[in-house]
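Lettered A, B, C and D in written order, each chain numbered from 1.
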Amino acid sequence: MQEFVDGLIASGGVPAGVPAWVAYLGAMLVFGGVVVFGFVLPIAGVTTWVERRIMARIHSRIGPNRTGPAGFLQWLADGIKNMLKEDIIPTASDAPLFKMAPYVVMVGFVGAFVAIPFAGPLIISDMNVGIVYVTSVTALVVVGILMAGWASNNKWSLLGGIRSAAQIVSYEIPAGLSIFPIVMLTGSLSMQTIIGHQGWAPWDWHVFDNPFATVAFLVFYVSALAEGNRTPFDLPEADSELVAGFATEYSGMRNLLFFMAEWGNLYVIGAIVTTLFLGGWQIPWALADAPVLRTVLQFTTFFLKAYFVGVLVAIWIRWTLPRVRVDQMMTMCWKYLVPIAFVNLIGTAVWMVVFPHGVPLVHYVLAGAAGILTLGFLRRVRYHIKRAKLTRKHLSFNPLSTARVPL
Amino acid sequence: MALDAAAIHTALRARFGEIIGDVAGTGTNASASVPPDRIHEVCAFAKTDPALGFDCLSNLSGVDYPKKSAIQVVYHLFSYKHRHHFVLKVDAVRDDPVVQTVSDLWSTADWNEREVFDLLGVRFSGHADLRRILMPEDWPGHPLRKDFVEPEEYHGIPTSRESLLKA
Amino acid sequence: MGLGGYLRNLKEAVATIADGLAVTASHLVRKPYTVEYPDRLEGDVRIQDTLPFRYRGILEVDLEICTGCLACERACPIDCIVIDAAKDKAAGGLVMTRFDIDMGKCMYCGLCSEPCPTGAIHHTPEFEGADYSLESLVRRFVKAPAIAYKPKKAGETDPEILPVLERGMRYVGEFASPDAPEKE
Amino acid sequence: MGLSGFEVSIERPTNGGGLATEDMTLSMGPQHPSTHGVLRFVVRADGEVMKEAIPDIGYLHRSIEKIAEKVGWHGFIPYTDRVDYVAAMFCNHAWGMAAEKLGGIEVPKRGEYCRVIADEFCRIMSHLISVGSMAMDIGAFTPFNHAIREREYINDLMEELCGARLTFHYMRIGGVGWDLPPGWSEKAVAFLDRFEPLIDEFDDLISFNKIFTERLVNVAVITPEEAIDYNLVGPNLRGSGVKYDVRKDEPYSIYRDVEFDVPVGRGELGTLGDCFDRYIVRMREMRESCRIIRQCLKQIPDGPVIAKVPRNFKPPAGDTYVRVESARGDQGWYVVSDGTAFPYRCRIRTGSFTAISMIQKVSRNLMLADLIAVIASFDLVAPEIDR
């Protein structure tokens, strides 16, 4: 970023007489605007459509299919509808806090994009404390949710806010502890350096570097789901318990901001997981003389990985699992994830002492094991399809033979 | 061991004498009348006596009989232990119906008695929490009495809408 | 809970969650079941036309075959049917001046069509009944005073009434009756 | 209703000038996503832990018992559909049985078979809603949709049988209103063939899911003695380990001629009588219902399906108490006739009514989220509570 603006000043792209800090600020605002409106919001929006379509198929439904091709523009329609709705602020609420809360949540989530490495050269700021920055700035979300819960002056909202605070703060610990093994392996906190330490092939990814890293990946993913308030940890908004939790009193645009943050957060989770464990934007081709093509390929790789891990898998999990209870959520964090994460941390340190240069064989074994597990899982999927005799062909059989289901 | 109605009746008669009325009805509907101020005793015996063993109050309902100026409270007893039934009927005075509660014997009687109180106006002496249960607190009268007349409106809300089919 | 229980808990959790995920994943490749209701079905069929003959939708009266016997009015438990019919020597039979059904009150129980001798009052498969006022939910079937239908001993011959009567009799025939043992 | 009686005395312990705490009173309902209709609970909670939940009913009181006194014996059958509209068939059946018992009417054999087939389909329908909405209340939405999807097929079957999808009005005094339509049995069997493997799939999806079972086992444990004391019935009672089923122990209709088991809770994952036992009993009952329907469709004899009952039905004076095993258990109908064309009194003792009276007791010291599991595990249906 900085180099880009410096270059611009040097080449006379910035009118003379404008102080350098104004140029920096202007460039940041323009670039921030481009990222937020051009990338973050559409990602969050399209994710709502993706989620609704996937969930519908899991439910044997069709999902939104009227607005645009296959209902693709549904998210725009919903967004416009929400923006046009009345913004209700309850009289008894703490109005300033109530109004501010969605923005705080938004800031927490948009801020994370600053340090996300989309491709080799595509990163807003490759801070040397990148990963720490991301975990800290996403923790801002809890402040916003707590504000919303308190300011609504509604007991259900308050319970939601408190649950959220307890949950996010607790799960920061296993999440943070599972980042450390990677930091130890890489010796750096910078996002780009972490990616640079991995290769394009799955066995070169950190997740298969050693058994402890694999466990760290799982612990981090579970904790990240909890931090993102996703099922099975969607207690703060638990619709069947707390009506809508912290968002009960919100309407219109403010409600939309909360949900945008929720769906956008999924992508952030995916991006962090990809960076730390799944090889980031690494691609097998060097393409040294085609920098643009290389950047595009890297971006696509990163985007697809992050989207799959962060969004698709999270959606899939959400529509499968029930919600844990608040005490079980705490039990899971403090009795399961935290001890495991600590053991992991120590294990990684020991591993690094014993094998200072890593063990390539372990990489292959772990990657192979993951592949075998995936195959076993697919067999199970096939078994479910077969048992229910509901493959695509069989589905055209309607036992009721009335013309009701046209297939 | 399941007892038939006659045996149950005999057991009750043996303990309480003539206050237990004659058996009416047959099979699972066999019933006997009990005075309202003795029902608790009779029920307590029916529940605790090992041969009778009525551990469950299957139903508690009330029926209004304006003709004989009585509100009848009907207890359908059932024994899970012995799998037999018996029905006890209590005639309370219609103008001021008071019946002993059995809610301390069977917890299920608590809400059933509240319902009978609500809909028929029978007061259960000794009931810990005798409040209306289905109707609003300030509803006039007891709807299941035969002479109940529905009020025209309730807090300004009309209780019926005019028929669109009036000629 | 010892270490064994701890690990067993973990194992159970992973196994059952993975199985659940397999079920939902298998649904991703199955076809959806939704019938897109307001749309026509394949072959431009309305959903209403696929409903079974016994379907109890909005009531309809075929006045051509109504005998004015008032059996439906008597059978209705909520009095949502009102019929005015009077003997009129000059017109040569029962003259019906009114046959109103308040569909806003009707509970679609079918008690009215059961005693109907000709199947004049019957439920149609039509179920779209939304309207803007209560008044418009009242169906008034007698547009002008009409003479009630008289069943003919020799059987119906009028080609206009015959198909209506046949349909009516078929509708009534669907109801179980104690006399004629029906076969499967 | 109103708030009287629910004033909560607020204790403010001030341990020596330290922080004062007070209980939080939450009004859960009448409009709340998981109260299954219009129910209200006044919850006294200390944070997430409930001190108690006081049920407040009457929001759905439609005075069906009073209506019974105003419409005739035949005319009341459609109203019985509305007593418990999730499982309307059983109320039809009970009213028919009560009237037949009073009037001394014998139902033709085929009519009884039709009734039982319809009953058991209705039981599957109701249990599907119950287990599906239970999973939804626990937070998993998918099982609910899968359950509703299967229920929709039964709705289609019922629609073909009697013309309605929910408020059936299928049974009449003396039998049933419609014979099985041609080809219906084959469709019913085809549905069962398809449905039974899907119960297994449902089990794999949710029943034994660790998160789900953790939410249910050892929650709101009800001992058999308590269950009988509160007159819990049906799956709630059997979940507590009491093996009692009206179909088996006091067989009515043709239940004597069919073979089926009565699943009872065994406390297999926790304590006997917890929420999971009540849930799993329903899952197993669906299989038994499938078994019963298959047998009935095989054994069903030819003949009329309805007895001769005068339109102006006037049973002799008397009273009767009939019990049917509805989806929510033993449903008791106390019907009094005074020999006229109108029932004199009808009292419906429903399973949900007795179950909800127990909530105050079992909800002590549970988590707020457990209350939802308890409501769902009792399979409360608001119209059945208030009638």
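Worth a mention:
Criterion: contacts are C-beta pairs under 8 Å (C-beta built on N, C-alpha and C of every residue); 3 or more make two chains touch, one makes a residue touch a chain.
Everything numeric here is computed off the predicted structure, so don't read it as measured data.
Relative to subunit C, the most remote chain by averaged C-alpha coordinates is A. Looking at C-D and A-C, the interface holding more C-beta pairs in contact is that of C-D.
Separating the centre of subunit C from that of subunit D, both taken as means of CA atoms, is a distance of 26 Å.
Chain geometry summary: the mean Cα position of subunit A and that of subunit C are 51 Å apart.
Averaged C-alpha coordinates put the centre of subunit A at 42 Å from the centre of subunit D. Taking the mean of the C-alpha atoms as each chain's centre, subunit A and subunit B sit 62 Å apart.
Residues of subunit D found to touch two or more other chains are 142, 149, 160, 201, 204-206, 209, 211. In subunit C, the residues that reach two or more other chains under the touch definition are 17, 19-20, 22-24, 33, 52. The chain pairs satisfying the stated touch condition come to A-C, A-D, B-C, B-D, C-D. Every residue of subunit A that touches subunit C in the complex is listed here, in rising order: 54, 56-62, 316-317, 319-321, 336, 377, 380-385, 388, 390-392, 395, 402-407. On the subunit B side of its complex with subunit C, the touching residues are 163-165, 167. Interface residues of subunit D facing subunit A in the complex, by the touch rule stated above, are 24, 26, 32-34, 47-48, 135-142, 145-146, 149, 153, 156-157, 160, 183, 187, 190-191, 193-194, 197-198, 200-201, 204-206, 209, 211-212, 214-215, 367-370, 372. If you check the complex, the residues on subunit D that touch subunit C are 71-72, 74-79, 81, 108, 111, 142, 149, 152, 159-164, 167, 169, 172, 174-182, 185, 201, 204-206, 208-211, 302-309, 311.
The part of subunit C that touches subunit B in the complex is made up of residues 79-80, 82, 84, 98, 100, 102, 104, 134-135, 137-138.
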